[in-house]
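Each structure below is given as structure tokens.
Okay, so subunit A shows up in both of these, paired with subunit B first and subunit C after.
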Partner chain A sequence: MASISLANISKRFGSLSVLDNVSIDIRDREFVALVGPSGCGKSTLLRIVAGLESISDGEISIDGEVVNDLGPQKRDLAMVFQTYALYPHMTTAQNMAFPLKLRGHSALEIDKAVGQAASTLHLDDLMDRLPRALSGGQRQRVAMGRAMVREPRAFLFDEPLSNLDAKLRSHMRLEIRQLHQALNATSIYVTHDQVEAMTMADRIVVMNRGRVEQEGSPIELFDRPANLFVASFLGSPTMNMADAVLTTDDEGKPVLSFDAQTSRIPVPAFTGAPNRKVIAGLRPQHMDVVPPDEGMIQAQVQIVENTGCETNIVVAIGAETWTVQSRQRQRLAQGDVIGLIFREEHIHLFDHGSQKRIN
Partner chain B sequence: MTKAKRSILCWAALSPLLVVAIFPYATMLSTALKQKDEVFAVDQSWLPRGLYLDNFTRLLFERNFGQAVLNSLTISLGATLLSLAVAIPAAYALTRLSVPGKPFFRNYLLITQMISPIVLIIGLFRMFAYFGMINSQTSVIIAHSAFYMAFAVWMLQSYFATIPRELEEAAWLDGASRFTGFVRVFLPLCLPGVVVTALFTFVSSWNEYAMSLTFLRDASQQTAPVQIAFLTGTLYQIEWEMIMAATLIASLPVAIIFAFIQKYLIGGLALGGVK
Partner chain C sequence: MSLHGSDLTLSSTAARSLRAAGTRRRRSLPLLGLLLIAPSLALSITVIGYPIFDVLRMALFEVNRFGRLGDFVGLAHFVDAFSDPIFVQAAWQTVIWTLSVVGGTVLISVPVAIILSEDFYGRMIARTVILLPWAISLAMTAVVWRYVVNGDFGTLNMTLSALGLPFANYPWLAYPTTAFVIEILVGILVSIPFTVTIIMGGLTSIPRTLYEASALDGASTVRSFTSITLPLLRPFMQIAVVLNVIYVFNSFPIIWIMTNGGPSNRTDILITYVYKQAFVFGNLGNAAAGSVAMFAMLLLFAALYLTLTRSTETAEND
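Up next, the complex of A and B:
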């Protein structure tokens, strides 16, 4: 297994900059997820690590060895593609044996390695089938098997679950995680699905427009997003945002007032400079519904969505639309006025101009 | 509508086409099996008097048509192999590699297809004469493969473009060099496209007349189409029964190949949108 280091990686196609000075260090045996919206450069970055794309600037090293000029054949990495990329003219067994055959392993060794991988991935009954005779989930497993057999230095996953249905996706999520624990392999996992990233990764790197917005453990990113982009990208339903003003009360303690609300919410823990315009964020899970006169802010119910275990209440706060997620069954109707309460530590404050976190 | 009814209707709709396709073969076969007096009889009949195979034996042994068919086979096979040997890497480069001036090269290939071979034939004759290659089948193989190569490249590149790039990339990550990935992953997947292209090249070369006539002066070197043409024009009378036997023999290899690779042909023609 290996550590992978990306230092100041830039990639330009003519005047278009796809990656701009990206630096990430991936430790040995770590499971790192690269997340971001479509076109943020995460897949390009993975392809750069794989050796499938060249870089315009920067340095990639695997285990301390600079591999900038090394072809994908020589980097000893395995990749699971979004489309699985199984060889259509080879059976499951042949697909899995292919990397070992290329390395000149004996038939005995190949049989043993393929058999082992097949039994780990429950593929034993599908060894003679061609890819076209396999279901999406089975193809996914074969692709993983092909990556596993040769014990590469690291695994690269390029949105491997995006072609599967929701149920299978959550099942495969678990399997990949278990596999990672069993193999203890360094893994880079690209996804646009924040749930996948949150549930699977030891560390998440959030990317946007070719730059790293923030990196850290899933909980760190969820609890303390560094900027507005990360705050709104991670979490489902997405974080509620509203324009607000930070001022001080009569005692000089910082208070927050939302543009559309009269109430002033004390934020004593805030130590930055007050008297400024900010964007305040609150996660839907961090608010409770109370009668209007008991609420820190008031809102009008627009839509109530019952998902069974949770109720999503879409409310209007001035011109903003917020979502409140409640674990209790709420008897609310459109047009009802409700109060919302929340704890100070759950308020995320971002500078209005730079959109960076300030609390 | 029942299945039987539908199939009868389909056959009825297709029958005019069938007649058009079968009529020349029926005429060839019928005439080739007749004796000379039968061919010009007032009362024409589709069926010959008896199974008369003399036209074929005379053609093959007296007129040396067997040698012409063999020459045609050598030239067509040679031209097909040579043109594929160049067209496959060229098409691969055009679809997969960043080659400077790619659009220009594509247009250039297209423009070469607009020039009739007959326009170039004097120039080619002089060139082959300079190299002492007149009367050599190699000259026709080279000329044919050069002419059909552009079409082969076009056809192949449109097929190659349908093969997902990830398959090769997966092979590279599995440890295959570009060449190994090409041979073990890419080419097997392109086989239908390669077969169809080979077939078109083979048939074009098999039927080509002007260049074969010009570069091969010796009767023993001549190809089947040239010999058939000589059957019509070099004698005081036109021996239709011989001509028909010859055309039947000449069209057989192509028909056999088409029958064998039908499934590739349908798959291949449905792709690419070129021809």
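Up next, the complex of A and C:
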């Protein structure tokens, strides 16, 4: 197993900069998720680690050894592709045996390793099938098996679950996680699905436009997003945002007033400079519905979405549209006026200009 | 469980009604269908079937040089043809010709197709150049090459002597071996465009990620080629081989124009032999018997080849 270090990686295609000075350190046995919208450079970064793309600048090292000029054959990494990339003319067993065959293992060793991986992944009955006779989930498993058999230094996953249906995806999510716990292998997992990143990773790296926006544990990122991008990218439904003004009350304590509302909300924990325009964020899960006169702010119901265990209420607050997620069944109809309450510590404040977190 | 059960009933009902619809459709189909395909069927039978019928008839009946049929002679024409040493010689030469041209074509076309599939500056020009022979009629190509290798004023000898080599008046087409080799080379040249096109199509059907996966698995470029490219190209090679064998086996213009089957029948293949029998010597009966034999050989080849390749494919599927 291995630690992987990316130092000041840049990748340019002509004048187009795909990765801009990205540095990430991945510890031995860590499961790191690279997450971000399409085109953020996460897949390119993974392919750079794999050795499938060259870099314009920077240094990649595996276990302290610089591998910039090492081809993918020599890096001893295994990759699971989004399209699985199974060899269509080889059976499950042959696909899984291929990397071992290339390394000159004996037939006996190969049979043993392949058999072991197959039983871990419940592929025993499918060993003689060609990929085209397998379902999506089974192909996915074979791809994982092919990666597992040779005990590589690290696993690279390039959106491995995005071609599966929702139910299978959540199942495979669990399996990959369990596999990681069992194998204890360094893993880099690229996904655009924040739920996958949140549930699977030890650490998440959020990328946007070729840069790292923030890295940290899933909970850190969820609780204290460093900027507006991370705040709006993680969490479902998306964090509610509104322009607000930070001022002081008569006693000099900081208070927040939303543009659309007259009521002022004290934010005693805030220690930065007051009297500025900010963007205030509140997660849909951190608000409660109360009668209008008891609310800190008033809102008008627009749409009520019942998902069974939660109710998503889309409301209008002045010109803004917010979503409130309630655990209680709400008997609400379009046009109803409700009050919303929340705890002050759940408010995320971002600078209006730099969009960086200020509380 | 009950939900599952009702699901099942529903789907089986649906299947039953689908089947019923299918039967109805199938019942009303034959007459209308036959009616619709009748014109093209009639045309095909006339255009393809009649000549075959006519050749078969000529092979089995006495026939004069103007095509007038006489008495039934059974297999006499076949016996005549098969006992003609030149027929046997031409048959062997046909085998050499077909194997060399098809083998050479495939051997050259695979690397050419791989190079043309790579991204490089001027690829479009290179592709066009490779495909150009296709645009010129076989007869024209043969005429041009006959001039090129002409002993007295051909550009080949001119070039060779300019390089100081002793080929000032070497009559390439006067010697059977060199003549046949040159014809085979021209045959390869004109078969390359078609074969390259098929193999390039095969190459584009192989996803790039397979090469990336194999690189990560540790495969060198050569190993990727033997373990991934070649096996995945196999169906395309099979098509290329079958079609080329049929074309080349029956290819008339190159040999006819360059050497007329000579010197002393040493470059004759069956098709030129049959042509000579029919239109030079007037032995329409022998020619017809030879044609039927050729038809049988190709049919046998196609059947053999298809069963061989199909059986390996089904073996893979199991």
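Simple rule for what comes next: the second predicted complex is superposed on the first by the 359 of 359 C-alpha atoms of A that agree within 3 Å, B and C clash if a C-alpha of one lies under 4 Å from a C-alpha of the other, contacts with A are read in each partner's own complex, and residues count from 1 in each chain.
Going forward, a contact is a pair of C-beta atoms (placed from the backbone, for glycine too) under 8 Å apart; a residue touches a chain by one contact, two chains touch by 3 or more.
A quick note: this is a predicted structure, and the numbers were derived from the prediction, not measured.
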Fit or clash - subunit C, subunit B, common subunit A: clash
Which of subunit B and subunit C A:Gly14 touches, first, second, both or neither: neither
Partner chain in contact with A:Leu102 - subunit B first, subunit C second, else both or neither: both
Which of subunit B and subunit C A:Ala50 touches, first, second, both or neither: both
Contacts of A:Gly335 with subunit B and subunit C, given as first, second, both or neither: neither
First, second, both or neither for A:Gly252, with subunit B first and subunit C second: neither
First, second, both or neither for A:Gln73, with subunit B first and subunit C second: both
Subunit B versus subunit C as contact partner of A:Leu130, first or second or both or neither: second
Overlap of subunit C and subunit B interfaces on subunit A (superposed complexes): 50-52, 71-73, 75, 77-79, 81, 83, 85-89, 98-99, 102-103, 146
Subunit A contact footprint on subunit C (complex, rising order): 207, 209-210, 212-220, 223, 227-228, 231-232, 234, 316-318
Subunit A to subunit B touching residues, read off their complex: 50-52, 71-73, 75, 77-79, 81, 83, 85-89, 98-99, 102-103, 146, 150
Touch list for subunit B against partner subunit A, complex: 164, 166-167, 169-177, 180, 185, 188-189
Complex contacts: residues of subunit A adjacent to subunit C: 50-52, 71-73, 75, 77-79, 81, 83, 85-89, 98-99, 102-103, 128, 130, 133, 146
